[in-house]
Every structure is written in C-alpha cells, then in structure tokens.
Amino acid sequence: MHSPDHPHVDHVARYAADIRERLRARSPRVHCITNAVAQNFTANMLLAAGAMPSMTIAPEEIATFVAGADALLANLGTFDSERRRAADIAIAAAVKGEIPWVLDPVLIDRAPSRAEYARSLLVRGPKTLRLNQAEFTVLAGDETGVPATIADFARDNEVVIALSGEIDIVADATRTAKIGNGHALMARVTAMGCAASALTAACLAVESDPWRASAAALTIFGIAGQIAGESANGPGSFATAIIDALHGLDGETIVQRAKVA
Amino acid sequence: MHSPDHPHVDHVARYAADIRERLRARSPRVHCITNAVAQNFTANMLLAAGAMPSMTIAPEEIATFVAGADALLANLGTFDSERRRAADIAIAAAVKGEIPWVLDPVLIDRAPSRAEYARSLLVRGPKTLRLNQAEFTVLAGDETGVPATIADFARDNEVVIALSGEIDIVADATRTAKIGNGHALMARVTAMGCAASALTAACLAVESDPWRASAAALTIFGIAGQIAGESANGPGSFATAIIDALHGLDGETIVQRAKVA
Amino acid sequence: MHSPDHPHVDHVARYAADIRERLRARSPRVHCITNAVAQNFTANMLLAAGAMPSMTIAPEEIATFVAGADALLANLGTFDSERRRAADIAIAAAVKGEIPWVLDPVLIDRAPSRAEYARSLLVRGPKTLRLNQAEFTVLAGDETGVPATIADFARDNEVVIALSGEIDIVADATRTAKIGNGHALMARVTAMGCAASALTAACLAVESDPWRASAAALTIFGIAGQIAGESANGPGSFATAIIDALHGLDGETIVQRAKVA
C-alpha cells in the first residue's frame, strides 16, 4: 500500500522489506544472552528470520562467540550471577569489535537491583534499547519519577528507543515511527518481547542506521504476529504460527501490510 | 452435568468454574522456581490461564519478586545449587508475606538427596504438595517404607496433597476429590506435572481454601488436556493444543466436562 | 522397499524398525546433559520415541541419575562451568556402570576451548560421536588441519561417527551407512542435532552394536523429519509435527521409507 500523503510510512515499510531480504541473504550470526524461558523460542525466531543464533554464556568462551558474531543481544530476564558475568564480557567484546548490540531490560520495574544494573549497561553504548512502557518509565524517570520524553531520552543516551506496546514506538533524537501491526495474542505468549529484541539485533547486523534497523524489526515482527493471529486458535498455536509466518514473510507482504505512521 | 446424587461432584466443578473466571479477572502474579526444561511451557500455560508468570532465580532479586507475587511454585527438577539457594530465599519471603506456595518434589524417587531436601521444605508450610504416586511413596514412607495414607499424611503435615495419576486425587485431612479428566498424551509431554503445579499456585492466589484451589486446578488442567486430546495428532500438537484449550476454557465448559467423584 | 541388489540398505532399515519397536517396549531411561535451548525439545522427542528423559546437572545428584539410566548424552552447547562439572561426574558414572554414552560436540568450530574439552571427553570412551561436518573437521584435523577420513577417525578413536548433513553418514572402522532421509526445515529449527544425539543415546540403550544403534537413530530421525515436512507450513509447525511423527512412527513405515545406501 503506497501512501503518497505519508511518505514516512512507505519509507519504513520499504526499509523493512529490504532488511528482511538481507537477513535471508546474509544469514547474520546473532549471539544472545537471554533467559532460559526465552532461549528456545528466540533461537527458532532468529532461524525463521534467516539468522544464525548462538546462546552460550560460559565466561571462558563467550568473548570468542561475540567476536565472531554480527550482533549481540543482552537480555536481563532471569538474571543470575553467571549471566551477569557473561554480559560484562560479551559487551566488552562487542564494543571492542564494533559489533552492534541491543539492551532488553526485562522486568526492571519489578526489581530495583535489576534497574540499577540496566543503567550501568546503558552507558556502554547499545545501539537500541528494546523495552515496554513500564520498563521505560523506570529507566527514564528522574529523581521525582517523571520520565523524560522518548526523544529526549534517546538523544541524551545516544540510543534508539524501541518501545513495544499496542502501538510500537521507535525513536531516536529526531525520528519517530509508530507501528500499528501486531496482535493481541502476543501479550499471551512468553518471550515475545525477548524475540523482538533478538530480531532487532539481527536487523542491526545488516543495516547500519540503528533507527531504520529497529523500526524494520518491529514492523516485520508485528506483521508476522498479525499473520499468525489469522490462523491461531489461541496462544499455543499462535507461538507456532508466528515462527512459520516470519519464515515465510517476504518483502512484498511487508510493504502491503505495514501500518507505520 | 448436574449429579443430584453426588453433590460433591457438582461442588468441585462449580468452584473450578468460578476460580477459572477469577484467574482471568484478577491476573495473579505467580513466581516459579522451576527447571529449565519446564520454564517456557509453564510460563505459557500460566499466561493461557490468565496469570502473570515470573521466573528469576537470582539470589539478589528473588525475594523482591516473591514479595510482589500472589503465589509461589517451588519445583525441584534439575535442582542445581543456585536454584536451591533461590528456593530458600523465596520460601522465606513467601512465609513472611503470607503468600501461598506449592511444593513439587520432582523425581525424588530417583535421588535420595533430593528427597531429603524435599522433606526439609515440607516443614516450611506449603499449602499444597503436587506430586505423583512414586514421589508420594518416597515422601510418605515410614522407616519400613510403608507410606502413610494420603489423608493421614495431609493431616500430619497440614498440607493439601494433589496426587496426579490416571485419576487425580486431591485430599486434605477431611476431604477427598477424585478427578477423572485428563488424557493419555499428558504422560508423553515433558513438564506437564510442573505446569499443573504452577496452575495450582495460580489458583491458590485467587482462592483461600487450598483444597478447593488445588481440586479446581487439577480439574481445569484435566479438562484442558481432554479438549486438547480431541484435536491432537500426537504429543507435539497436544502440547500446543492444551495451551489453546486452557486459554479458551470457560466456566460453563468446566461444569459440563468435570468428572469429579 | 526391498532392494535385493543392496542388502545393506534393507539391513539398516530392518534394524531401525526393530530398534524403534524396542524403544516403545522397553522405555529406556536416557540422562541428558544438554543446553537450555535444547532441553524441552529434546525431552519431548525422547518421550515421543518411547524413552524416559532426565536432565538434572546438579553435581550432588547427577551420578545417581546416570547410574539409574540406560544411556547418557553429553552435549557441549551453552557449556557453562556447572555443566562441565556435571559432565565429568556423569561420564565417570557411565564408564563405571558400563552405560553407553554419546558425545555431541556442539559448535566446537566456533570456540577453541570447547574443541579442546571435546577432545578430552573423546578419550573417555563414548560409543558414538554425533556431529556435523564443521565440527568433525575441527576434531579430526591434524596439525596441518587436514581431517582424517571418517573411517580412520572412527577406528583410531574406537567410536562410531554419526555425521549429520544433507546425507547422514554413520561409520565405524569397517561399516558405513549413508542415510538420505530428512528434510530441509531440520536446519531451520534449533536443537535438531541435539535431539538426534539424544535419540542415538536412546537407541544405544536397546541395541548393543553401536553402529547399528546409531544408523537406526538417524534413519528414524530422518524419516520422522520427512513425514513432518509433508504437513508443516514452516519451521514452527515442523518442530511440532516431527514430535507427532516420531511418536506415531512404526516399524513398517520405517522399512518403507528408509533411504539407506
């Protein structure tokens, strides 16, 4: 669907279509530090997109894996001490190798120690911060708890914000995309946010503009969810169907279905 | 199906129907210490029921998560040292906050050290002990190995016993429900018992009588399994279909399908 | 399909058919040290085959679990320090109890420390080494990097090589089977190789000739994949369908569909 009155919409949809094809063509390696709840689903979503996941968190070898990867995801879910050590080493390797990485501060609204740790990672230069509104409010709140605006926070931290919700918002200091794809069942399947973050990392591996990569990731993810929702009988079959949908998704379908404002 | 000759049957079915609706309405938070094999399936079953799962086992933050939860599951599967520390802290937080918790002593019939540990947790006051016959025999055996009766064990330990099997038995000192729902494929999918324990925890969060909550949980779980079995082609599609079935299950269907004696 | 000109083909197919039925009849216990990404899928594949999985890696209890098992899988994926300790203890228990075990050196082509560790395990006597070509090249390479032939490597290390690929190759010093079953989507689902290794361990539990057991495992696995591919819409539904297919697979279908040369 071309929208001559909203060229912005068409642009994101076209980037997304192009980036989706690049994933299939280049098969980027994405190393994921993620929680055990999410590992299997995340790996299968990355494979469905065309990427190659790896997931080790052993301190002895994670630097080697990250150095050989094209992007890194650091997800704070079920964050035990070994994962924390692994994240430190992995992020150092990513920074050294100029490998783009995504920070996903899962559930920092539930535990203060986790929020503090997320802040300490944010200054180490992730390209994208993928999170939901409750998590953003914690991270972006000032001393009185009032959060910064998304664009201000993005500018101050030199990071793209990819905020998942009924409408996804992807913003850097100057650009904002609002993505209206997705499906209600996405909130009823565990690890959906984690998988969206992993797909964002994959897109960063094949697109150097992190805002474009992040907007493309959430557009692709939302469209796969919409397609899955058309055949699912509930959250179980939805989780299976979104993997199939992402695997089969082509650029043309993305351009047709993208709802970006 | 109303059974005027067996008012007991109708009662459990009606509790179950009512508790199922409460899960959807109140969306209780359930913190789960469970094994990596079971985490994803358990989280998705809780989400399908209407509950909100969390799964961290990091010692620094688990107390905060439990304090903010409405129920706790402590499952002994793949029980490494970090999970053991986490369980100690989590149960202390549950006891302090008067948060109901479920003990699932997975495979204690296979390892003596695990059985000993399960006994040390049992005295800390779980509302419900969810297990199978082999596990019960180990835990309830006297020095000569002869197990106590279920009702005696429930009375002596002030705990509801939720015993899974072809017929599920839920008993406290004075009441016993025998639940005949379920499907043969449940024994061919990993983590089914773990998910039943997690659902029991969710029901304890919205029903203060632990016997009613536990009988409701196994009735709901069994009916979801029966419905799943009607469309499944094997254990793979069954695991997907039971999530769908639990998500779609309403009170009326529960009353119609419950086989409780 | 009987091939009078290729009696070898018929032999492997018939062993596979027979071993498949033995799995169902004997329900062997298979203890798996495997990565968190693979645990759930591996457990469900073993259950679908008729085996009983266990997965603990706690140092205090793993020896007990292995001693009570009929086969062991040691898989190096996401190989943290606790898993490494667990593997040491588990392999010692397997050797002591003469329990057959499978080594799956996942991704040793990506991390030198992992390759070194795999070599140290290989000398401890696994019955079968299940891996892909990239992993074999690392393990079998001499100082100049030129790999030994499969049969030479099998003879020198007294191990059966089960090499997964478009054509699977199962070889010991004197016998080689080339298995042409399988489906392209197997490369797009995580933990497929891990599950194949677990099934190999299960087959070793019911067949004392490790070459026959390993060739049977990959034949059974490949046929289940082929059947799954006939109904799957993508890798998500494929992962579900292969569990169903393995569960329903009987000896007659194996003999009909086996493509072994």
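By written order: A, B and C. Residues from 1 in each chain.
The rule is short, and it goes like this: a contact is a pair of C-beta atoms (placed from the backbone, for glycine too) under 8 Å apart; a residue touches a chain by one contact, two chains touch by 3 or more.
Note that this is a predicted model, so its numbers are computed, not measured.
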item	value
Numbering shared by both copies at the subunit C-subunit B contact, with half separating same from different	different
Turn needed to bring subunit A onto subunit C - CA fit, degrees, nearest 5	120
Whole-Å separation of chain centres (CA-atom averages), subunit B against subunit C	34
Of all residues in subunit A, the ones touching two or more other chains	36, 40, 239-240
Residues of subunit B defined as touching subunit C within the complex	35-38, 40-41, 77-81, 107, 110-114, 188-191, 232-237, 239-240
Of subunit C, residues touching subunit B in the complex	36, 39-40, 43-44, 47-48, 53-61, 64-65, 68, 82, 239-245, 247-248
